[in-house]
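Structure in structure tokens, see below.
We just call them A, B, C and D in the order they show up, numbering each chain from 1.
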Amino acid sequence: MASLEDTRRKEFAVLATPAVLFVGAFCIAPLALLFLYSFYRVDFVAMVPDLNLRNYATVVTSETYRTLIGKAMLHGALVAGFTAVLAYPLAFFIAMRVKVYKAALLTALLIPLYTGDLVRIFAWRVVLGAEGILNTFLLWIGATEQPIMALLFSTGASLLVLTYNYLPFMVLAIWIALELLDRSLLEAAADLGAGRFRTFRHVVLPLTLPGVLVGALMVFALVIGDYLTPQLIGGSSGVTVISAIHDLFGAAFDWPLGGAIAWVLMAVLVTLIAALATLALRSRLGRALLRTR
Amino acid sequence: MADFGTSLDRRRFLKLCAAASAVTALPLATRPAQAKASAVYWLTWENLAKAEYLAPYLAAGGVPITKGFIGSDDEQFAKLRAGGGSEWDLITPGIDKAELYIASNLLQPLDLSKIPNAAHLYAPFKTSPLGKKDGKTYNIPFYWGINPIVYRADLMDKEPDWSTLFEGEKYKGRLAMRDYALEGIVISALYVGIPRDKLFKMGAKELAECKKALLAQKKLLRTYWNSIGDLTNLFASGEVVCAFSWVPPYYDLKARGLNMGMAKPKQGVIGWCDSLAIPAQSKPEGVEAAHALINYLLGPEYGKLLAVGGPYAQSTDIARSSLTDEQQERIFVKDLGVMDSFVWKENPANYGDWVRLWNEVKAS
Amino acid sequence: MERSESELSGDAGDEGAQSPLLVARNLTKDYGPVRAVRSVDFTLRHDSFVTILGPSGCGKTSILRMIGGFEAVSGGELTLDGVDITAVPANRRPVNTVFQQYALFPHLSVRDNVAFGLRMKGRTAEMAKRVDEALAIVRMEAMADRFPAQLSGGQQQRVALARAFVNQPRLLLLDEPLSALDRKMRKHMQIELKELRQRLGMTFFYVTHDQDEAFALSDWMIVMNHGVIEQQGAPQDIYRRPANAYVADFIGGANLVPVTVMAKRDGVAGADTPMGRIECPCAAGVAAGSTAFLCLRAEHLVLSPAATARAFDGVVTHVIFQGDSKIVEVEGAGRRLTLTAAGTDGVEPGSAVRVGFDDAHAWIVAG
Amino acid sequence: MERLLRSYVWALYGFVYLPVAVVVLFSLNDSDLIAFPLKGFTLRWYDDVLGDARLLGGLFNTFAVAIPVALVTTVLGGASALALTRHKSSFRLVLGLLVILPFFVPRMILAVSQVAFMHQLAITKSLLTVCIGQSLVILPFTTIIIASVLYRLDPALEEAASDLGASAWQRFRHVQLPLMKFGLMAACFIAFVLSSAEYTVSFFTSGRAQPLSILVASDFRFHLSPTLYALASLIVLFNIIVVVVSELLRRRGEGARK
């Protein structure tokens, strides 16, 4: 006799199996193959399956790859922070102050994505360049004597455009968290004498931090994966760990080493995210939020 | 009158006979071939497959071409190496990479008897070992050129050479190099004075020398450019005044009224050549069509169109005579002797080390 | 579990009043390591109003959800009309539920909400008529085309009721359905519910934490605490003869005075109290020599006793005005005791009073 | 405070649309260089786009990929989201991690591994492989969006449906589906946007037929043509029209209901 639990289990299986199979077949399996390759050795254009850890040793001992992985993490974290700060007020506005045009405002945020990465990147060059819109404006108002060269082809420029690129994702994540917020809590806070700011500081912000965190993780991962923006906007130091891997896959045909760097990168990424998630869940706020569900 | 009539009749008759034999001969001639392909799939660079370049081929009844576009030479190799090449009948790799493709068994040998225009290859290409293995030809040179220095003549006081790109303090922050290990390192080698015959055979010591130069150079650069469109934009927007370049920005920007200059430094200029090759898994009817297309691409119509439009030189001299001196000059075929002075790109055996070095420089 | 629905739903008339409607045996529910319901047994009769009463977290909602089929049973079994329904999914149980927050489908009109169950079972022929009838019974005919968001709490409540009973379930489950209503509405709905049940002739299984509501509605009460049933029976019996101190306190908030049981025979205990020795009926579980509680209801304590047998001195600590009567809290017999009194002018905090009661109202429960 | 917030929002939208404005500006500029100074007004780039069979073919391929990708990821994401939010299975965590995993794998790495893996399985690259590759990186987005909608739905509604005799399918069809409809639509829309702009995975997994993003990238390598800016402007304009029209329809629909 099938128990109720069996029925539930069957339902869960029916819902979950397609996605699991799909991800298993086209993500896990390919990455496993890459993992296998990472222990191979390259002999000209042949990958020789003489399994050893040399590639991992290269990654760990190479200052370049260590630096690049570190830089990826740093830039990911910085952009996640910037987008969070920029996105929050907008998400708050859309969630709390807009009634009729919510969908329109959110969609409007996504429309620029349609232009395509490259088109937008080159548009930014026109904005930030030495003879670009921003510099022309700054010269015109007399804020500067010389065009500010660092507006383009610098780490800062790259971070700016990355922030721009991933802002919509952060807005969406925070907006969802704000929409999930029980509105009566705001009334309760007001009732308890909290002003707007204090309601925000002590009620809204803590309760939507999980949304910020989700957004931050998304942006973090996206920034690490983006190599076009740093390459085309970041100037001579615009190299990223991904473009280094790219070079190893393509130019140097060293898939084993590329695979090893990729796996180290993913391991660092997963460890960081797991640590962050654990920390968040263990925190007083995290525990309190978990308990309410 | 009658004679005239008879002779007319005879001529008519002969004509008819010729036509009839032609009609009967046509199927005979094509019988050995497979069913004609409905399309030939060509993976290429966008600027080589412009509709107007291919129009004569199609007008002459060539198999319709479906084009795919390459991101970069390295991406092309990675993509084919990862997933074979069964989608394509014809690919366009750099000939310096040919041995990688051949060693990876990605290509099938070409049947030169189906490419009569190959007989007109320029001598250096005919004798070059690149793209050949065990007496078979896998990659046939397609078109070639040099990568010079292009600069804004209005913003520079004298013609630059490689040293400008390494020590031109005056232009600090307005110089650019291509983001490409092979060329970047060869140029540094030319600059530090590595002998020509050792350029692609550098050991650790020479590479270390290059790295030092490249590290110093990096401080002077505005950026490493990524694509020629990218660099053209950098010149046009005044970001960069002088860069290791390809030829097109010089002509493009000159045509738009900018005072551009092109320098071919005496230390040596990198010459390159892209090839045509047929992937190993291409189907027989595709192979057939690909050979026909190759022959067209090495032929006179295409050669002229490319020389005028590109401007690039194809690998055969078949169209050369139809070009004006000026057009010949533009594609460096006026004085064929210069071809010997170019540093032709090769694939270094230790290229992995080169790429790692290049990344070290960029990441420093 | 392949039983046809007709077999499950049966017909109320066939089985006679003597066979029980629902039997729960050793019913247990675990949430991970937490045991919410501990091996509980109970039986529901046909045509009755049963309330299950207890503080929040006592396991009463879990029982309802197991009967409804929303939670899997961790142990024990449930039989409905003699058929084991332990593993029957919710949608195939002849049981319907009125949810605490009503759970009306926001995207469907009132009519479609009520018609939902019939439509799911494909009973479209009779649907329109039965839906109209059900809406008429809860007097919501006029609102049939509105959406739930356009209704007041009481109206939503009625729709939720109609949506459940229109399917003629064998058993109607109600999960604190009145808790979201205001007091006046609640009183009103209590009467309606009771009438509705009589009219429909179904068994209602009603979960509440409000003892007044339980008293007002039920024919049979099940009092729960910490996952076990403390007592079940008719409301009057539970009120008069609580099984233990917990029930005595939870139901009607009895005054509990600690006493020492000296002797016990035939359900009558003799105990020493601060007011002298008493002989009175006692609950099962009271043993001679043990400490137990004398259970005195507020309404049985009187101020300035003349006719009562026993009395003790006390000091008034609080007086709460209740309209026609007052609740007076007195410190006496070593305890704070609550009593209700009418027309006691001059009683105010601090005044010394004498409190009395009649032995006939005394009842002893175990500690 | 409110005014400050409002001005901030306007400023941020300005920031978001700044590059778009540049794109539109240069799509109307009568020079084929994307650089100042502006030369004058022209519509010829638009004329070029509309007459460019190659770009239109690419656009067709983009749709041929984006539509199935949007549908597949919405269905798969919807199913996973239901499993994640409606079941207490111990596999839930595993499922959640699996579904978001592709998101945390840098695309280039994923794309190259996929191509190598597909090659092992002798799968020929085609628009289908592009669909598979893209669906994988888009699945996490749709799942999160739909899950966040489901998370807000009162589970009692589904219990009520079961209670009223709805089978699992009926419960889905008559309660869950109508209630998650907007979530599904939002997910589908975002999947479509992400798919049509995707480059990295598309590049590696595509065979003969290449979506627009690859053609645009390829063109950009040789020439930053205002034609492509005109194309981008047209796409943006088209989307703005879609948004405005659907917003108007929605409001009219709501008005009619009241």
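Rule of thumb we're sticking to: a residue touches a chain if its C-beta (ideal position, glycine included) is under 8 Å from a C-beta of that chain, and two chains touch if they have at least 3 such contacts.
Keep in mind that what you see is a predicted model, and the values were worked out from it rather than measured.
S.K.: Which is the least count of steps on a path of touching chains running from subunit C to subunit D?
M.R.: The fewest touching-chain steps linking subunit C to subunit D number 1.
S.K.: Which two chains does the highest number of contacting C-beta pairs join?
M.R.: Chains joined by the most C-beta contact pairs: A-D.
S.K.: What is the chain whose Cα centre is as far as it gets from that of subunit A?
M.R.: Ranked by distance of C-alpha centres from subunit A, the top chain is C.
S.K.: Distance between subunit A and subunit B based on Cα centroids, please, to the nearest Å.
M.R.: About 39 Å separates the centre of subunit A from that of subunit B.
S.K.: Between subunit B and subunit D, what is the gap in Å from one C-alpha centre to the other?
M.R.: Measuring from centre to centre gives 37 Å for this pair.
S.K.: So what's the Cα centroid distance for subunit A and subunit C, whole Å?
M.R.: Roughly 54 Å separates the two chain centres.
S.K.: Quick one: report the Å distance separating subunit B from subunit C, using the average Cα coordinate of each chain.
M.R.: 89
S.K.: What residues in subunit C touch two or more of the other chains?
M.R.: Within subunit C, residues 69, 89 contact more than one other chain.
S.K.: Touching at least two other chains at once: which residues of subunit B meet that condition?
M.R.: Those would be 72, 75, 78, 230, 233, 237-238.
S.K.: Of all the residues in subunit D, which ones touch at least 2 other chains?
M.R.: In subunit D, 34-36, 112, 116, 118, 168, 217, 220, 224 touch at least two other chains.
S.K.: Please categorise the chain-chain contact pattern as a line, ring, star, complete graph or other.
M.R.: Shape = other; not a path, cycle, star or full graph.
S.K.: Can you name every pair of chains that touch?
M.R.: Applying the touch criterion to every chain pair yields A-B, A-C, A-D, B-D, C-D.
S.K.: For the complex, give me every residue of subunit D touching subunit C.
M.R.: Subunit D reaches subunit C through residues 154, 156-157, 159-168, 170-171, 174-175, 178-179.
S.K.: Spell out the part of subunit C that touches subunit D in their complex, as residue ranges.
M.R.: For subunit C paired with subunit D, touching residues are 68-70, 89-92, 95-97, 99-101, 103-107, 116-117, 119-121, 163-164, 167.
S.K.: Within their complex, state which residues of subunit A touch subunit C.
M.R.: Checking each residue of subunit A against subunit C gives 1-5, 7-8.
S.K.: Which residues of subunit D touch subunit A in the complex?
M.R.: Contact set of subunit D toward subunit A: 1-2, 5-6, 8-9, 12-13, 15-20, 22-23, 26, 34-36, 76-77, 79-80, 82-83, 87, 89, 91-92, 95, 98-99, 101-110, 112-114, 116-118, 120, 132-133, 135-136, 139, 143-145, 148, 151-152, 168, 186, 189-190, 193-194, 196-197, 199, 213, 216-217, 220, 224, 228-229, 232, 235-236, 239-240, 243-244, 247, 250-251.
S.K.: Which residues of subunit D touch subunit B once you look at their complex with the stated criterion?
M.R.: 31-36, 54, 112, 115-116, 118-119, 124-126, 203-204, 206-208, 210, 214-215, 217-224
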